[in-house]
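The structures come next, written out as structure tokens.
The following pair of complexes shares a single chain, chain A, combined with chain B in the former and chain C in the latter.
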Partner chain A sequence: MTNATDQVSIRRKMGRLAPVLPALIVSVAAAIAFILFPYDLAFLTRIVIMMIFVLSFDLILGYAGIATLGHAAMYGCGAYAAGLVSLHLASDPLIGLLAGAVAGALIAWISGCVLLRAQGVALLMISIAVTMVLQETASQARWLTGGADGLAGITVSPLLGMFEFDFVGQVAFVYSVCILIAVLIFCCILASSPFGLALRGIEGSASRMRAIGTPVYRRKVTVYVIAGAIAGIAGALAAQVTGLVGIEVFNFSLSADVMVMLIVGGAGRLYGALVGTLVFMVVHHIAAGIDPFNWLFVIGFMLLIIVFALPKGLISLPDRLVALLRRKP
Partner chain B sequence: MKFKKFALCAVVTAAFSTASTMALAETIKVGVIATFSGPNAIWGKQFREAIDVYVAQHGDEVAGNKVEFIYKDVGGPNADASKAAAQELLVREGVKYLAGFDFTPNAIAVAPLTKQAKVPAVIFNAGTSAINKQSEFFLRTSFTLSQLAQPAAQWAAKSGAKKVVTAVSDYNPGIDAEAAFSSSFEKNGGAIVEKIRMPLQTTDFAPFMQRIKASGADAVFAFLPVGPATFAFTKAYNENGLKAAGISFYGTGETDETTLDALGDQAIGLVTAYHYSAAHDSELNRSFVAKLKELHPGSHANMASVGAYDGVDLIYKMIKVAGTDGQKAVEAAKGLEWESPRGPVKIDPVSRHVIQNVYIRQVERAADGTLINKEIATIPNVPDLGFNP
Partner chain C sequence: MTSGLAVHGLSKNFGGLQVARNLTLSLPNGARTALIGPNGAGKTTFANLLTGVLKPTSGTILLNGKSVGKMSESERVRAGIAKTFQITNLFRDLTVRENIRLPILERERRTNKVFCHSDGIPELECEIFQLLEDLALTPLADKPVRGLAYGQQRLVELALTLALKPKVLILDEPAAGVPSTESHLIVQAIKRLPADLSVLIIEHDMQLVFEVANRIIVLVNGAILLDGTPQEVISNREVRELYLGADHG
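On to the complex of A and B.
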């Protein structure tokens, strides 16, 4: 009896700690990476930015069950917005991030109102089409975006007026990690809120949720807009760190990569998004470093093995191991 | 005091000894950033093979230093990956020269890094005129569209074309080509009757051929990215009877050596203005092509190969003069003249772009049955005409 109450109280404490825990884990991991790989900060920064992007996709695919192949639309709009703001209005990085979030949310709202009425394959097709239209627009509007040459010359002023973006990329890394932590805490709170539970319900069975009075379409649009804003932030970060936005931000392969990273890690789990991105990008980087010509084979095999052995992604590995061990005796 | 003096001595001798050993045998790393995977992997392949040929011919030692090439794949036009790769090469590998760069955004993204690290970056392909003014450490051994389209216009005017319609892919290089050709052709007394811009993804060109026919022009100037689009365009040009109707074709890179065989007989007679033909008649080019065939059977030398070959040549020349001093290397490169497989070349001291001959070529079947770009006229020493500092 006492044992059980103890457990409950521990769970309660854990529950209170829940939003802080991921922040703690990420910051410790980031600090270790910072110390162990001081020469790879540019690459690590790309991973962190991609993590933010995959997290946003997890909200719509993993939680709400909306499968799209056009998530690059919001990322790209965020990147262009941040780039244009820093070129023409203000070079403060945080204002750029805000612009990216607004642009991502806006395009998600406009496109979401249309494409969330569709389902399944139709939804996939429309989401691809939206991204292609945006890419063509960016390619045509040369006076604004620089077209295929890219929007060049983006410079950002020192972060908070104090930390200048350095050559090795230390400031860029710490800055991206801070944004990742903020986004992760936000996603944790969102996932455990009534809204997050409603999303899970919609993922499970939209018709039942409709039957108990949940406005399914409106919930879907809301989460799409939130994910769009986060994707926009990721795009804005990429634009600020690279200093150039090309029309390739709208590439289909980016949308597809995001989906692959999430599936590898485990959809519907926030840590799954982080683990999937980390594993995918590190394997990609190492394989491409060893053999820049044939590394795609390695990625292909990795995907096959993970999808067959761990259909719920890498994040389910501990659970699977425990289940296996329990079955043995 | 004594200790300080001793320490100073130690430091000085240490510095001298490392300096002397450095001069003796240092490994100078060259980072090559290009596309080695995905649909555009042909660029990286051509670059690497040409570098192999150059190293096989000239060895990997320059003035007592060993030269090592490190390849980084960026998987296509991808500014983020390009910048991160350059940063990694500079910070971790300590490369003293950057090279490669197949696509314009990939080159522009590293401009601030080259300035901060004072490392020369030799561009093997990316051909937008605006790149070189982004950083004084950019050098380029490829071409720009103005450099090719203006000679093409002069040649068209000279060979009797009066009314020309331009048909270009609707993206930056296409627009550059259109602008350069039009202004030069009008200056030479011709008229542009219509400017057609075709969507980049188009593969059905029959409607455009109808427009070209209907425009009443006696020649068409085309620019499309090398690949399926070019293939479909030249096919449509023949099938829709433009050739038969006497509308002559002027282009630039449409008859690239790597895709020429696929075009087949329909390519015969196409006239292009370009800076390199694998059939260029010189001892150096013959040995270059022969060595390439020996090391990589089945490969074709094209503009990407010669861009990389000359780029590495330029890097070797810079190392010989300046070692690892980037600033000095760029100064040394300015005004440098040498003989390349494409013909005589010179680095323009102002634009740091290669001044070269532009050849008017016509596709024909060689004695051995293969299709070649036969050089029929030469416009000597053309600089980057689109450069405005």
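On to the complex of A and C.
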């Protein structure tokens, strides 16, 4: 039995360190980006926010195996909530984030209770429908949301009362990176928790999970609400750093892009979400800069190549290379 | 009032096909019951009715005197009824160890915990270690189940259900697909189970049945043909014809 306890304690020590490493990597990468591209901070901030959004989608698609095409619903609700709070209630950015998280979680809970009873194509359709209804609502409720014009002039007070949001976007970038790191650490903790293991179990075989006594539906709703809160935070951040919220936050293409970014990077590993977002957005940026009309070709080709050559996403590239090298003696 | 599982007038129709016909039997605590019968007799269907995978057309199922009819599948597992799958149903991308960890965490009602590590409880990890040892799976512990031979997967299948420590254990052909050199592991695992557990084993391997069961139920076309001791079953002419005369099914 001592052997078992030894093994166990070694495993536990390694497990404790796991969330620190990704946080460290992201901080270092962000610092380098900050120094190398001081004039592209607005673009970098958009990448960081999108990373948070894609991470939240990884929890539901990558871990729990629930495919939806309506993840923009939570992002959009978070953005509107943060925008409205800062326009009418409180300009503190952290309160705005909290409002975004609550709004994202709430809409995830309400819609999740319905759509998680469905499966496959039906679930995809319902998730699209939810986002459409929200977009139409945002467009009709002119008195609240500004309709098609959206909310403009959203301003937030200095972060923690000390750091004023500047024109170059330095504070916004650092602020977003800090939130990304917090979200990433949370996701790492979740992934290695009993709940995270249960999600992977549901992804692997829901019928077996039922046969070991897991209330599968309840676990799915829980992860959907957690992912909704994180998506809401991403939306809130976007509203705060751009000062705008429009009905495009509910666009179908946003939900689709999130899925593409996750598949490009590799689902179910957290790192994949980060890599996929970075590659997708940088390629998009460069391709659109070179040819504003045909950049979709480039994205399409990239997706095709990755799906065929690396079905588990870019994150599996090192493993694949090692496997290839091993085969050739 | 009996302790254990009691089934009364249980029937199940699939459209026009009657797969369980008015089954009445009890599986008291401590029983070691085998359910045998040709392919298509309705054995798996009966097991699925007990665990709640299928809803009966009519009839009642009582666990310790209380009806489980309204309980969902996962509620019944929590109440103590668990079964293995005839066709292996595992978490293929997880390692053997993680596969076994999941039912243990579930049994301890921990799969809703976010702020702790899934392998953070040494006693539970030791339990996994012991199960791995018992079923000779230790060398494979950290391999993904996907890469295991089918016979090994059958043992993992058994381990997952044993890990739940149920009060009523239903084994649906646990030895099917396990090489004969390893089927003794299954017999030993069953013999090691706590005495007060009720075990229902569906099995075609009669040698294994005789080794573990003290009562045999013969099911044919959804109805009980015979319910008795192994001796009674061997000496019954109809059963002999069924088993020795034609195909084993």
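Things worth noting here:
Please note the rule applied: the second predicted complex is superposed on the first by the 315 of 329 C-alpha atoms of A that agree within 3 Å, B and C clash if a C-alpha of one lies under 4 Å from a C-alpha of the other, contacts with A are read in each partner's own complex, and residues count from 1 in each chain.
Definition applied: a residue touches a chain if its C-beta (ideal position, glycine included) is under 8 Å from a C-beta of that chain, and two chains touch if they have at least 3 such contacts.
It should be emphasised that the depicted structure is a prediction, and the values quoted were computed from it without experimental measurement.
In the overlay built on the shared chain, the residue A:Val26 is in contact with neither chain B nor chain C.
Once the two complexes are overlaid on the shared chain, A:Val54 sits clear of chain B and of chain C alike. Of the two partner chains placed around the shared chain by superposition, chain C is the only one that A:Thr222 touches, whereas chain B remains out of contact. Legend: residue contacts after superposition of the two complexes on their common chain; A:Gln140 is shown touching chain B, with no touch to chain C. Once chain A of one complex is fitted onto chain A of the other, the partner contacts of A:Ala238 are limited to chain B, with no touch recorded for chain C.
Of the two partner chains placed by superposition, only chain C is touched by A:Ile189; chain B is not. Those residues of chain B that touch chain A in the complex are listed here as 36-38, 41, 44-45, 71-73, 76-81, 83-84, 87-88, 91-92, 104-105, 108-109, 111-113, 116-117, 128, 130, 134, 170-173, 175, 199-200. In the complex of the two chains, the chain A residues touching chain C come out as 1, 3-5, 7-9, 11-12, 15-16, 189-190, 192-198, 200-201, 203-205, 207-216, 219, 222.
If you check the complex, the residues on chain C that touch chain A are 51, 53, 72-75, 77-78, 82-83, 85, 89-94, 98, 101-103, 105-107, 110-120, 122, 125-126, 129-130, 160-161, 164.
Taken together, the chain A residues at the contact with chain B in this complex read 39-43, 45-46, 136, 139-140, 142, 147-150, 152-153, 167-169, 238, 241-246, 248, 288-289, 292-293, 295-296.
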